[in-house]
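So that you can tell them apart, the chains are marked A, B and C in the order they are listed, and the count of residues begins at 1 in each.
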Amino acid sequence: MSWLRNPWGRPRVLGLMTVLYILWSVTPVAIAILFAFNNGRSRTTWQGFSFKWFTGSVGSVFHDPALQGALKHTLLLAAICVALATPLGVSLALGLQRWRGRGGGTVNTLMLFPLVTPEIVMGVALLLLFLRVFPGIGLGTEAQVIGQVTFTLSYVVVMVRARLVSIGREYEEAAADLGAPPRDQLFRVLLPLLAPAIIASAAITFALSIDDFVVTQYLSSDASTTTVSMLLYSSARGAPTPALNAIATVALLITLATLALAFLVYRRFAGGRDATAVAALEV
Amino acid sequence: MQGEVRLEELTKKFGDVVAVDGIDVQMPPGEFFTMLGPSGCGKTTTLRMIAGFERPTAGRILLDETDVAQVPAHRRNVNTVFQSYALFPHLDVAGNVAFGLKYRRLTKQEQRLQVKEVLELVQLAGFERRKASQLSGGQQQRVALARALVLAPRVLLLDEPLGALDARLRRDLQVELKALQRDIGVTFVFVTHDQEEALTMSDRVAVMRDGRVEQAGSPREVYEEPRTMFVADFLGVSNLLEVDAVGEEHSRCVLRLGDRTFLAEQGETDARGKLKAMIRPERIGVEPHGAPGDNRLPGMVERAVFLGGSYEIHVRVLGGEMLKVAMTNEGNPLTFGLEQGTPVTLYLPPDALRVLRPDPEPDAGDEEGQTAPAAVA
Amino acid sequence: MSSRWTWRLVALPGVAWLSVFFLVSFYAVVSVALGNQDTLSQPVPFWNPLDWNVGYLGSVLSNIWHGGQFLTVFVRTVAFVALALGLSLLIGYPVAYFAARHAGKWRGLVLLGLILPFWINYLMRMLAWINLLSADGWGTRVLHDLGIERVFLALGLLSSRGGWLDGQSSTVVLALVYGYIPFLILPLYAALDRIDERQIEAARDLGASRFSAFRRVTLPLSVPGILAGTVLVALPMFGDYYTPDLVSASTSTNMIGNQIDQFTRQGSEKVSGAVLTLLLALVLLGLMFYYLRTTRRAGAEAAE
C-alpha cells in the first residue's frame, strides 16, 4: 500500500482490482457469446467457429420454431409495452409535475413504488389479480403486457420528469408571451423539448421489457407466451445445444443497440450532462 | 400614444409571503421605465404579473386603460425578454423570431419579410439559420429582443436582460438598447438590481423594497433627491451623518453636529430631533485645514485612493464618523497633501445637504431579501 | 393550462393504471392471504375486510414461531442476502472509489465496464456461469487448476469435486454477488463522485494523511450512498428465486422467493404463497420507504 504514503502515486492496487472486477464481470458473458458460435453441440468444449446455431437448418435461432417463437413473442411484448408505457408515462409525468394541491405527493409515492418493489411480489400480485379479479383477461399475452407496462411506467415518469425539471417553466412562458395558447405551448414547445427524454425512455422501456423475466414468467400461460428470458431460465440447466447461447446473444444485441441509439439521441439533443444521468438511471 | 401601464393596488402573495404589497405605479407611454431594487424586493414578480405569468392576488393592471389582470399571457399585447432569453433550442433564429407571428394572420411571405426586417433592426441579418446554441450571449440577447419586437408589442418587458453578459458588452448594450427604445418608441419596462444600469438607461426609475415602491422619479430625482435612507444608500455612495435638527432659518434646516452648526436646504427641512443628513461624495469640497466659513467640518485624511478619473478620499471627521469624498482629477497637482493624517476641512454646501425622514426601522439583514422567498427574485 | 384540474386530468390515465394494476393487485394478495381455498385448493379471496380469515396467516406464523420450515427459509434468505451484500461492498467500494477518484483518462472506459453488465440480461449472465461451472466447463477447470476448488473443499464450502452446481450455498451466494454487484457499484460511484474534491484537499491541507483523509472525510461522506445502494440491491435480492434455482436447483438452498414461487406459480398452495408474499412485502416496506425518502431528499438537493 505504498500509494498511501506516497502522496503523488496512483493507487495501483485499486486500479488492478478495478480491472480484475471488470474482467470478472464481462468475461463469462463473452465466453457464453463465443460458444454461440461453436461448431458443435457442446456449450463447454470449443469445436471451431460457425454460424450454424444462428442460421443453420436444424435447431438454430432462425429455424427452430420454439426459439423463433420466443424471439418473436419477446419483441412483440416489447413493442406493445413501449407503445403503451411511453404515452402513459409522459402524460403522468406532465400531470404530476404540474399537479397543484392535495394528492400529488401520494400519487408520486405510488408511482415510485414499482421501482423498489421486489419483482416476485408484483408477480404474485398480478398473477392473483388476473386469476381472481380479471379472469376475463386471464394469463397470457395481455396479462404480460399489462404487467410489464406497470413496472416500466415508473421509469418513463422518472426520466421525463427529470427532463421537465431541467427545462423549467421559462420556455412555456416565453411561448405564452409570444401568443401561443396552452395547446401550442404543449405541442410547439414542451413536447419537442421533451423529445430526447421520451425517445430515451422508450428505448429503456424496450430494453427492460426484453430483459424482464419474473413478471413475464408469472403471467405467461402456455408455450406460445414464452419469451427469450423464460427460455433461458427453463433450459439453462438442461440445454442441449449452443442455440440457447445464440438466442441470448441476439436478444443482447437488440437490447444494446436500442440503448446505444437512445444514448446517442439523448446526447445529441439534450447535452452530455443529462445523458450520463440516463445511463445511470436504473440506479 | 399607446403603451401606458398603470398598476393600482397591485398585490401578490405566495402563501403567507407578500411579494408585492399593493403598489401603485404609472408607466407613461413610450418611456423607458425601470424597476430597481435588491433581490427579493418584488420587482420581478411585478414584471411577471404585467406579462401575465403570475395572477395578482389583488389589484388592477391597466394597459391603456383596460384592466388585463385576469387576461392570460398569450392574449396580452405585451412581450418579454427573459433573463436567460429562453430561446427555443429546437428552433433556429428565424424559427424563434417567427414563433409568435404564427398567431397573426400573415402569409409566409409577410412573415419572412418581418423576420428579415427585425433581424436587421437588431443587426443580426444573415443569422436566420443559426441555432441558439451557436450564438454568443450578446447575439442571443438580440434574438430574444427581435422575437419580442417583431410582434410590435405596446409594452416590452425586460427582466435583467443584461445580467448574463460581461461588463464591457453590458455597457455597450445599455447604450444600444436605450437608443433602440428611443427609435421605436415602445414602452420599455426594465427590471434590474444594478443602480448604474438603471440610472444610465431610464426615463423614470421606481426604487423597490420589500414589495413596495420606495420612490419613483427621473434618475436625477431619485439620485439627487432620495426621500429615504434606503434609496440614498441603494443608489450610489452616500454619506450619512447623525445630526440634531434644532430649528429653521430662512426655510433651511439648522443642524447641529457636535459644536458645529450646519444649514441644509434639501429634504425634510421641517423635521426636528435626532435624524440623519445625507450628502453625496462628489458634492463635498476638500479645503486646506482651517479654511473659514459656515457648513465646514474639520477632519483628518484616513486614506486616499487614486481611481484614475478621480480620487476617493476617506476623511475621519469630528464625532468619529468617516466621510467618503470624491474629487475629480483636474490634472493639476494638488495644492495640499493627501497623506494619511493630513488635517483638512470639508465643506458641505447647504444645497447638497439633505435631511432624511427616518426610515421605519427595518429588520437587520432584510435589505438583501433574505427573508423573502427565492420565487420573488 | 392554468386550471388546476387540467393537469390532474392529464395524469389520470397513469394514475388509474397504477391504481388498478398495482394497488388493487396488491389488495388481491391481502384478500387471498386472508381468504380461503376451495376443494381444488384454488384460492378464494375474501374482499371484505370484515370476512377476513387469519387461519392461513396464523399457521404460517406459528410455523415460523416454532422454528419450522419457513423460519429456516427466512433465516437462510437473510444470511444469503447479508453475505452477498457484504462481499459486494467489499469488492464494489474500492472499484467505485477508483472509478470516481483515480481513473483519470480511463474514466470513460471504466464507466462503460461498470455499466455494461447492467444491460446484459440477468439470466444470460447466469447462463454464462452455468456453462462455465458445469462438470467439464472452463470455469471448473480453472478453479481446479488454481487450487481454489481445494480450498473450498477444505473449508466445507463445496461438497464434491466439480460439484459447483449441485446445491452449494457458497455458489448461490457468489452468484448473487455476481448478479447484483453492478446495481450496487453505480450508486456507490455516484455518491463518491458527488464528493467535492476540494473537501479532501482541505483535509490534506489541514494535515491529514491520505489514509486518514479517506477515513475522516471520504468515507463518512459516502455513507448515505452506501446505505442507499445497499438497500436498492437488498430489495430485489430478498425477492430472488431464479438465482438459487439456476445455480443450485436444490431445495437445500431455498430462499423465501423459491418458497413463494413453488407455492404460487408452480404449485397449488396459493393461499400460503400469498401469506408469505404479504409477510415479505411487509418486512421490506420499511426498506422501500427508506430508499424512496433518501432518494427524494437527494433529488430535492440536486434540484436547488
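Just so it is clear, contacts are C-beta pairs under 8 Å (C-beta built on N, C-alpha and C of every residue); 3 or more make two chains touch, one makes a residue touch a chain.
All of these numbers come straight from a predicted model, not from anything done at the bench.
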### Query
Taking each chain's centre as the mean of its CA atoms, which one is farthest from the centre of chain A?
B
### Centre-most chain, if every chain is reduced to its averaged C-alpha atoms
A
### Summary
Whole-Å distance, C-alpha centre of chain A to that of chain C, is 18
### Message
Between chain B and chain C, what distance separates the C-alpha centroids? Give it in angstrom.
### Response
59
### Query
So, what's the distance in Å between the C-alpha centres of chain B and chain A?
54
### Task
Quick one: which residues in chain B touch 2 or more of the other chains?
72
### Query
Among the residues of chain A, which ones contact at least 2 other chains?
182, 185
### Query
For chain C, what residues touch not just one other chain but two or more?
2
### Task
In the complex, go through chain A and note every residue touching chain B.
170-171, 173-182, 185, 188-189, 192-193, 195
### Task
Name, in rising order, each residue of chain A that touches chain C in their complex.
3-5, 7, 10-11, 14-15, 17-18, 21-22, 24-26, 28-29, 31-32, 35, 43-45, 88-89, 91-92, 94-101, 103, 107, 109-114, 116-129, 131-133, 146-147, 149-150, 153, 157, 165, 182, 185-186, 207, 210-211, 213-214, 217-218, 228-229, 232-233, 236-237, 244-245, 248, 251-252, 255-256, 259, 279-280, 282-283
### Summary
Seen from chain B, its contact residues with chain A in the complex are 51-53, 72-75, 78-80, 82, 84, 86, 88-90, 99-100, 102-104, 147-148, 151
## Note on the structure
chain C residues touching chain A in their complex are 1-2, 4, 6-15, 17-19, 21-26, 28-29, 31-32, 43, 45, 91, 94-95, 97-99, 102-104, 110, 113-132, 134, 136-139, 165, 178, 181-183, 186-187, 190, 204, 209-211, 229, 232, 235-236, 238-242, 245-246, 249, 257, 260-261, 264-265, 270, 273-274, 277, 280-281, 284, 287-288, 291-292, 303
